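In the two complexes below, chain A is the common chain; its partner is chain B in one and chain C in the other.
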Partner chain A sequence: MNKAIVTVKNVGKVYGSHWALKDINLEIAPGEIVGFVGPNGSGKTTLIKIMAGLITPTEGIVNVPKEGLIPDSAGIGLVMESAPFAAHLSGYKNLELLAYIKNVISANEIRQAIQIVGLDPESGKKVGHYSFGMRQRLALAQAIMERPRLLLLDEPTNGLDAQAIIELRDTLKSLAKENGIAIFLASHLLTEVENVCDRVLMVKQGKIRKTFNKSDNGRAPVIVQTTDASDIEKLLIWLKAHGLTYQVLKANEVSIDIDMPVPQLVNSLVQANVNIEGIIKKAPTLEEEFISLLIKGE
Partner chain B sequence: MIFRQIIIELKRLMTRPIYLIAFTVLILLGMGLIYFSVGDGGPAGPGEFAAPDASGYWTAWSALLRVALPVFLLIPVFIGFIAGASLAEDRHSGYWQFALVRVNSRIKWVFGKIAGIFAASFAGTSLSFLLLALFSFLLYPSAPLDASIASFNEEFFGNSPYLYLGSVAVMLGLGAGAMAGFSCLASIWIKNPYVVGALPFAFLLFSLVPYSLTRLQLFDLFSLLSLQSTYLSFESITFSWLVYLIICYGGAIIFFGRESIFNNKKGILK
Partner chain C sequence: MKGLIKNELVRLLISLRWLIIIPAALIPAHFFGAELARALNFSHPNIPALNGWDGFMLTFSAGGVWTLAYFFLLAFAFIVGDRFVGDKDSGYLSWLVIRTNKKKVWTAKILAVLIAALIYSGLYMVIVAGYNAAFLPISFEGSQLARDPSVMYEIFRITTSQQTINFYQSVSPFAIFVLSALFAGLGLGAITSALLYLTLLVQKSFVPIVISALLAIFAPLFILSRGLGLHPAARLSFDFHVGFGNIEPQMIFYQTISLWILLVVLSIYLGNRKIKKLEI
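Moving on to the complex of A and B:
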């Protein structure tokens, strides 16, 4: 992993007597897309606000980039759930005003950002006449126009149609890959988060409970179905002999936690006289992991 | 950066349709009063709206300062309404978050925002007064400023009528700024932009009516309503506005500089 450009150490935030976040530790490398999922009120927006400097943590340390890829520009781009722009101005004019705070990018760079998100920079249409999806795209354009090193996105797909979600996914991936922008994304759309993120943190009651890592998919459990129940006995004996952990799912189905390639496993089981009906190696989806965390509490 | 924030706020506020409409309507109202109420420019007739100045003739000064005076009370209130609600609107919509990640300092952002609100209310009000003055001077003869016309009785204004004009423009601008500041301060407790914006009306009542009722030589509302000569103390009025400006804007900067204010989504009152 490249040197982390975002470091969150033991961060906690308390409101009254309620800890909205507790013991949050996180590092994000340049070009990495990290997802953050959890039920409502689990502290997702609070963490994004802390990282953006909008609120200060009660405890812990947060290090984020102070400067973007352009000298003197803002180090962080932010998209929140709402896209609050001046309704009487065009999309370009709104962004021009925000860019004027730092005054480090040209009109062309603003237009480029608007184009990247699929809007027309020359359109004089007032933001008040934009659809919610168009506002969300404009919010993304304002976040990326000054080339920040870190992009914080809170529910960026809210109100977007399927086509727009796919385009947003491609845009985020290319921003991370081509510009090395680190992206931290909180969303309820688990499939989208799984598709776009390299790593997903699952949070519950203000604490990170589990990390879903795409690169761990090689270690996915293997599910073996035997021809009948008697073969299960042979299979279990073989598993115990090799010290492997397993879970019996059905009378003729076992889930095995194994690092061995599937063909090699099949060979070994055949040699052990286990009649195999079927075999599948499948990593749990983010949704399955999320359900097991939230509902089963695993 | 604060200068740029002021420019941004001026552009955001002064291009708003509601601002432009209020500005245009009030200017037209003032122009209408100046044009239609004065009569033919000769001595005042029995049905005319108000008396001419001491010379017995309508002049640009008497048309501007006598007939259009009610408009100069309304302009700061309406401009203050629109500008003062801006802070509550930003808080309500979440726009402040976009700005704050760029400014990186809450105090700097609040200071820039409030300076912009003051600049927008000051500029709009002063400009409207000067526009009406221009209209009046184009329409009527610009005779010397008569002491009976000047609302402020400081003697030196008699020798420097254009200094008087500028001073009134500045004083009205400060008044509008104070009213917007009152809204800014109220935004701490009230999050609804419309309620906050409406507070300049209350501000006007609370600040002027008691003075008028007690006749503390600051303002005589009764005289104003009858469009008779009204003498005010320029220093007292300006001093009052400055005190309001310091209290309202200072309070707003101190309170909004604290993060708990912005992260209290509901406000104390809705």
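Moving on to the complex of A and C:
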């Protein structure tokens, strides 16, 4: 991992006697997309606001970039659930108003940001006439226009249609990959979070319970289909010899709980004279992990 | 800071709420200005004809607390009262804060409201003057009544002690118009700065309305006594027009200006202390 540009150490936030967040530790590297999922009230927005400097944590330390990729620009871009633009102004004019504050980007750079999110920078259409999805895209444009090093997104897909969600996903991946922007994304859409994020933190009652890592080649059930029943017998002998746990699904199908790369498993089974018809590594989806961890409490 | 003020000011000025300035200026201009001037001419057929400037000045003198508190001040409070609470609730405040810091955002908000108050005051007075000019004779100088104390002394039976009044017979009504707009604008900006500070203390959407209503109720305490209204020289003249007994402003011009500036500075200072700890 590259040197982290975001460090969150032992962060906690208490309201009255209720800890909205507790013992949060997190690092994000440049170009990394980290997801944050959890039930309502689990502290997602609170953590984003703490990272954005909008609220102060009760305990712990937060280090975030002070400056963006453009000198003197803001280090953080922020998209919250709402997109509170001035309804009587066009999208471009709204962004120009925000760009006045730092005055570090040109009109062309504002237009580029609008183009990146799939809107027309030359359109004079007032934001009051935008659809919700267009407002959300414009909100993303305001967040990226000054090229921050960290992008904080709180439910950015709210109100977006399927096509807009796919486009947003591609935009985020490209921003992370091409510009090295670190992205922290809180959302309820588990499939989207899984698709776009490199890793996902699962939070419940203010604490991170588990990290779901897409690139993790750890233990995951593998389903092996053999040519016929006699191969199943050979397979079971091999499994018992290696002390592995398994479950026979059909007459020629077995699910194996194994921590071994699939090519190596195939080689071993071929050497054991097992005729393999098919093999699938069935890693649990984020949704399955979410249900088992946060709903069933496993 | 310049960019922040520009952001605040543009968002403030494009609000449709500014349309309220039209009825808020026209109603007192009609009843306390043009109509009253015509009534004076009718009831005192021997006085020289009053012109548009008399109507303008009567709007603020005869209108007194009605014009200043219930129209001038309340309409502006309606326009700017939720500048802080609205931005906080909508989430816009967070976009501002991540680009600078909370203190600068607050300072810019107060300064933008102050500038907007001066613009509002100028616009308000232009509407009042324009309306009176439309219904009363147009002139580039004050009427004979306003320029010649002896006429007023005779008609309104002013006592000797009141004859030392600094009438504006040697001052252009344009100059009084500009001074009045600036003076009233500064006072308005100062009062609404304090109002914004109160909305920072109690962040509820109803607070601006409640505070504005309270301001209106208690307006006589600070508007008439402390001179939110007009340039003192002009106020003396207006009071004289309608024969008010008490024609001495309780505070003189520069003291009042100092008070307003102090109120703005306090709103910025106390607001900065408060917003530092505020969760957005």
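Quick note on the criterion: the second predicted complex is superposed on the first by the 240 of 298 C-alpha atoms of A that agree within 3 Å, B and C clash if a C-alpha of one lies under 4 Å from a C-alpha of the other, contacts with A are read in each partner's own complex, and residues count from 1 in each chain.
Following the convention adopted for this analysis, a residue touches a chain if its C-beta (ideal position, glycine included) is under 8 Å from a C-beta of that chain, and two chains touch if they have at least 3 such contacts.
The shown structure was predicted, so the numbers you read here are calculated from the model rather than taken from an experiment.
Visitor: Under the superposition described at the top, does placing chain B and chain C together on chain A give a clash or a fit?
Guide: The answer is clash.
Visitor: Touching A:Leu54 in the superposition: chain B (first), chain C (second), both, neither?
Guide: The answer is both, since A:Leu54 touches chain B and chain C.
Visitor: For A:Ile76 in the superposed arrangement: first (chain B), second (chain C), both or neither?
Guide: The answer is both, since A:Ile76 touches chain B and chain C.
Visitor: For A:Gly278, using the defined touch cut-off, is the partner it touches chain B, chain C, both, or neither? Pick first, second, both or neither.
Guide: Neither partner.
Visitor: Taking the superposition as given, does A:Pro261 touch the first partner, chain B, the second, chain C, both, or neither?
Guide: A:Pro261: touches no partner chain.
Visitor: Under the stated touch criterion, which partner chain does A:His88 make contact with: chain B (first), chain C (second), both, or neither?
Guide: In the superposition, A:His88 touches chain B and chain C alike.
Visitor: Figure out whether A:Leu98 sits in contact with chain B (first) or chain C (second), or with both, or with neither.
Guide: So A:Leu98 meets both chain B and chain C here.
Visitor: Indicate the residue numbers of chain A shared between its chain B interface and its chain C interface, in ascending order.
Guide: After superposing on chain A, chain A residues 49, 52-56, 74, 76-78, 80, 82, 84, 86, 88-89, 97-98, 100-103, 142, 146 contact both chain B and chain C.
Visitor: Give every residue of chain B touching chain A within the complex, in rising order.
Guide: The contact residues of chain B facing chain A are 1, 4-5, 7-8, 11-12, 15-17, 90, 93-95, 97-104, 259, 262-263.
Visitor: Along chain A, where are the residues that touch chain C in the complex?
Guide: For chain A paired with chain C, touching residues are 49, 52-56, 74, 76-78, 80-82, 84, 86, 88-89, 97-98, 100-103, 142, 146.
Visitor: Applying the document's contact rule, which stretches of chain C touch chain A when the two form their complex?
Guide: Chain C reaches chain A through residues 3-4, 6-7, 10-11, 14, 16, 87, 90-92, 94-100, 277, 279-280.
Visitor: Which part of chain A faces chain B closely enough to touch in the complex?
Guide: Contact set of chain A toward chain B: 49, 52-56, 66, 74, 76-78, 80, 82, 84-86, 88-89, 97-98, 100-103, 142, 146.
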